[in-house]
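Note that the chains take the letters A, B and C in the order they are written out, and that residue 1 is the start of every chain.
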Amino acid sequence: MPRTESKSKKKSKEAAPIPGPTLTLPEGITLDDLVDCYRQMVLIRTIDERIWALNRQGKVPIAASCQGHEAAQLGSLLAVEKDSGCFLFTYYRDLALKIGVGLTPVEVMCSFMGKLGDPYSNARQFPLQGADLRHRVIQISNVVGAGLTQATGYALACKMLGDGTVTLAYFGDGSASQGEAHEAMNFAGVHHLPLVFVCENNRYAISVPQSSQMAIDDVADRAAAYGFPGFVVDGMDLLQCYEATRKAIAHARNQGPVLLEMKVERFMPHTTDDDDRRYRPAEELEEARRRDPIVTLAALLVDHGALTQRQADDIKTQSTKMVDEATDAAEAANLPDVSTIHDLVYAP
Amino acid sequence: MAVIIRLPHVGESVVEGTIGEWLKQPGDTVERYDPLVEVITDKVTMEVPSPVGGTLLKVLAQEGETLPMGAPIAEMETDEDLPEDSPPPEPAVIADYGQSNEQPGTIGYLVKDVAPVGPTGGGPDPAQTLTPDSETPVGGPRLSPAVRRLLREHGVDPSRITGTGMGGRITREDVLQHLESHPAAAAPASGDAADQDEEHLPLTPVRRMIADAMVRSASQIPHAWSTVEADVSGLVALRAESRASFEGREGVELTYLPFFIKAVAEALAEHPTLNASWGGDKIILKKKINIGIAVAAPQGLVVPVIHDADKLSVPELARAAQDLTGRARQNKLTLNDVQRGTFTLNNTGALGSISSQPIINYPQAAILTTEAIEKRAVVREDAIVIRSMMNLCLSFDHRINDGAEAGSFLQAVKGKLEGLSPGVPLN
Amino acid sequence: MAVKTVIEAVREAIQEEMRRDSSVFVMGEDVGRRGGVFLATQGLLEEFGETRVVDTPLAEASIVGMALGAAFRGMRPIPEIQFSDFMWPAANQLIGEAARVCYGTHGQVQAPLVVRIPYGGGIRGGLFHSQNVESYFFHTPGLKVVTPATPYDAKGLLKSSIRDNNPVVFLEHKKTYRLVRGEVPEDEYTVPIGVADVKRRGESLTVVSYGLMLHYCLEAAQHLAQEDIDVEVVDLRTLTPLDTSTVLDSVKKTGKLLVVHEDNITGGVGAEISALAAEHAFDHLDGPIIRLCGPDVPTMPFAQNLEDAYMPNTEKIAHAMRKLAQY
């Protein structure tokens, strides 16, 4: 298991090889998988930055950036995709997850601009909120914590049906304070549900630092109180996130819930409407950015001969081109027809 | 081509931004999405990326300047189309921009025709309409929407129906029962029932207003009637004597009407309860004497009002009456011309009538008709003589006045008219 | 035909639907071994086992939140909130989340759950065992709100609710559970959601009500028949979607409207019914629209006399009917 795992690790029966400085690839993946991840990560970063720019141009009303969370989201997603029997409940900062599962850049841009072609809600909701059932993702709202009990119910249904599905519920450190986080974990523990709780802890609930949110260092410690294992993972390290999620999925399917706490960094303000300079020391952010998961992954791939600088440059150029095209396509896309405002308040 | 770059609409509740540092200078080449200028809002400090690539021509907003979103901030030369926001940005409107944000005190408002003041002139003035109950009859029978609809559909006069509801209200059942016992009335007044023996005229809005006003008066005011006969031989002689010189001097035709108005105005001043209206739990005396005169205009009956009639001389009354009747016939009356009447005079004599039972102009206390002047054989000092005679017919609200007050008022009008004779100065 | 109580009708509906469809299951506090505090789920654990009769912790937000999540997986959960007074912790899951699922996913995801909520007063329940909660749901597009008054309607409507693909708030008036009895057919039947029922025909005036109050209205109407006042009583049965045409047809026929409910008067269902009549039946109204409802105090004081003062009853309703008839 990851080197930073918490005390509750003692409850875990198995210990795994740690991906260390000398690259031993975890079970089930190849270097090609990692190059794919890198390509995705660069595309997602390009989209993320473009959305921010479009907001500053008045074309995107609101956005929450995932910059700094990419390794956690894509690492865990790699395990999900290798498993093929998972269902995801995401939260609002999971841009990398939502794109990683297969959303196209045009769909992303349409969603952010509130245009037809948004697959999540057809431009009824905030960007990428609603559901993408093609890719087995649900996120009904951005009332944090509300998705956790829903994910628990989903896992309960999967268990009733015996279909082998493992549900992953992603949430931030802020959600961890919600009463429903407790209710969800408590029930999941009682019923040994096939459920992985993934806390992407960036240490800030908008402006409130972790020290004002909880009296403990690790959210993962709470798992012990619910009778299942909890682990701390370096969320800036894609391989660790993959490996921890892979093991958690297996554990959840056979034995019950797992809580993974992925320690990540938030590179950007909470949303486009926030100014983190008011509450976050510049040095802290500078320090965090030195651990940019894209830089880390690129270095790892270059070190091991899986990527050349030129290939890296090509990937960046291609990403920019894709994002330019997607932006233009979304700007040209239609708004929903006003006559449809009453549609689908009720299911047929 | 040169395009204008505007301060973008950014943020969930933000309406203005302050220009920070310009990150490009005039003459600089700018790529699309290059940071152009720093903008500081209530919520964030941000770099605004350029919406197009090209050359920055001109900076239109200086550092430190605060602008509403949508305001122009720069001019750029570009080959690209400036992508249109949808909907296109409109500058946010900020009142008293750069100064205090106090709301303006009064912006004024349009007082709409809140009551049917039109053709009958009897509507309360707008100031009164804004304070309900001031002149609304309390406890009087009111017609429910269902009853009004049935009456309308069947053309039934509610005064012919006895109400059995609360406080004598006419109920829907009452109307239905009336229709059953009066089959003739049961034929719908409009629509399909028209047979070959009838022609159904659609109601004009004015006709409908007149009808509603008459129904309201007839159904809400308990009318009583009284008639007196006046010997106006002196008035006839006075008019014949002064007519030519008057018209030469005043440029107005001299009819009997101004004399009638003057007599009525004077008599009203002496009998204030005739210049009044019913207030439910009180009687409202009007301090002004504003006399409406019924005019048959092409579109229907209208009642323009001569305000403060008691303060006008015969020539002034003649001029006012001519002006109002003329404009009534040309359909050029203003709202003021038909408002705030306190008493109505109808010169039915002009139509040849010798006796009438007029309906009061709601909510006034009474209405007077002046009937045709005819030479009649009358007895004076036991001799039969020929005199110019006319009838004065009064309808009055019996809630406000009894026969005694009404009779006294009529005698006063009669006395004033009979007191006129050749040589009396016209003032 | 067998005569049953409302609680028996509810139990039968759940039981029959669970037999019919394996995706139907019940969950909530004390629904298993205890069979529900009102015994609505009595016997279900024995028949269907712990997997489909889930005793949950005392945590309402998760009872509804988890039911919603299970519904996303294609199940048809019937979560029970033990008393309406305890539903507030679950308000976000119901009003905030469930109601927006279909609209907010543009129809990709549906939320076929039935939240059963015993509600209402007149049972000495005080402020926290008597609440009327319907107007909060009534105001929320995306929810269906069902308020049966009789055993027949309770069973037929609960079956329809379980088969509906939308979140349904199924409000059972506690006092009707054993107080109201009625015939319930042995054969399979359903009552459609969104259709009001004219429980008594009349010409003099229309009374619109639902739940427990319906029975008081019927009783009052019977008294007034002896005074030659002929009252039509409309049972809404479903608050959302509201059967506007049955209400308007009746009001147009009688020309007079009285709305009776136990819930607080301000912003209640009666306000909406009144507005509806004023807007769409204006020319037919032959009297003021009257509401006889609970006063604007928290439902519902504990002391017997205060509770009596709060609750509309047959006498108060008869008085209001008489006044309106005489108008």
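In the analysis below, contacts are C-beta pairs under 8 Å (C-beta built on N, C-alpha and C of every residue); 3 or more make two chains touch, one makes a residue touch a chain.
From a predicted model like this one, the values you see are computed outputs, not experimental measurements.
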Chain occupying the middle, per Cα centroid: C
Most heavily contacting chain pair (counted by C-beta pairs in contact): A-C
Distance-wise, how many Å sit between the C-alpha centres of subunit A and subunit B, to the nearest whole number? 68
Distance from the mean Cα position of subunit C to that of subunit A, given in whole angstrom: 42
Indicate the whole-number Å distance between the mean C-alpha point of subunit B and the mean C-alpha point of subunit C. 50
Which of the residues in subunit A come into contact with subunit C in the complex? 89, 120-122, 124-125, 129-133, 138, 140-141, 143, 146, 148-158, 160-161, 179-180, 183-184, 186-187, 190, 343-348
Where on subunit C does subunit B make contact in their complex? 255, 282-287, 326-327
In the complex of these two chains, what residues of subunit A are touching subunit B? 50, 53, 55-59, 61-62, 269, 272-275, 277, 331, 335
With touch defined as at the start, can you tell me which subunit B residues reach subunit A in the complex? 8-12, 33, 43-49, 51, 69, 83, 85-86, 89
Touching residues of subunit B toward subunit C in the complex: what are they? 144-149, 165-166, 169, 171-172
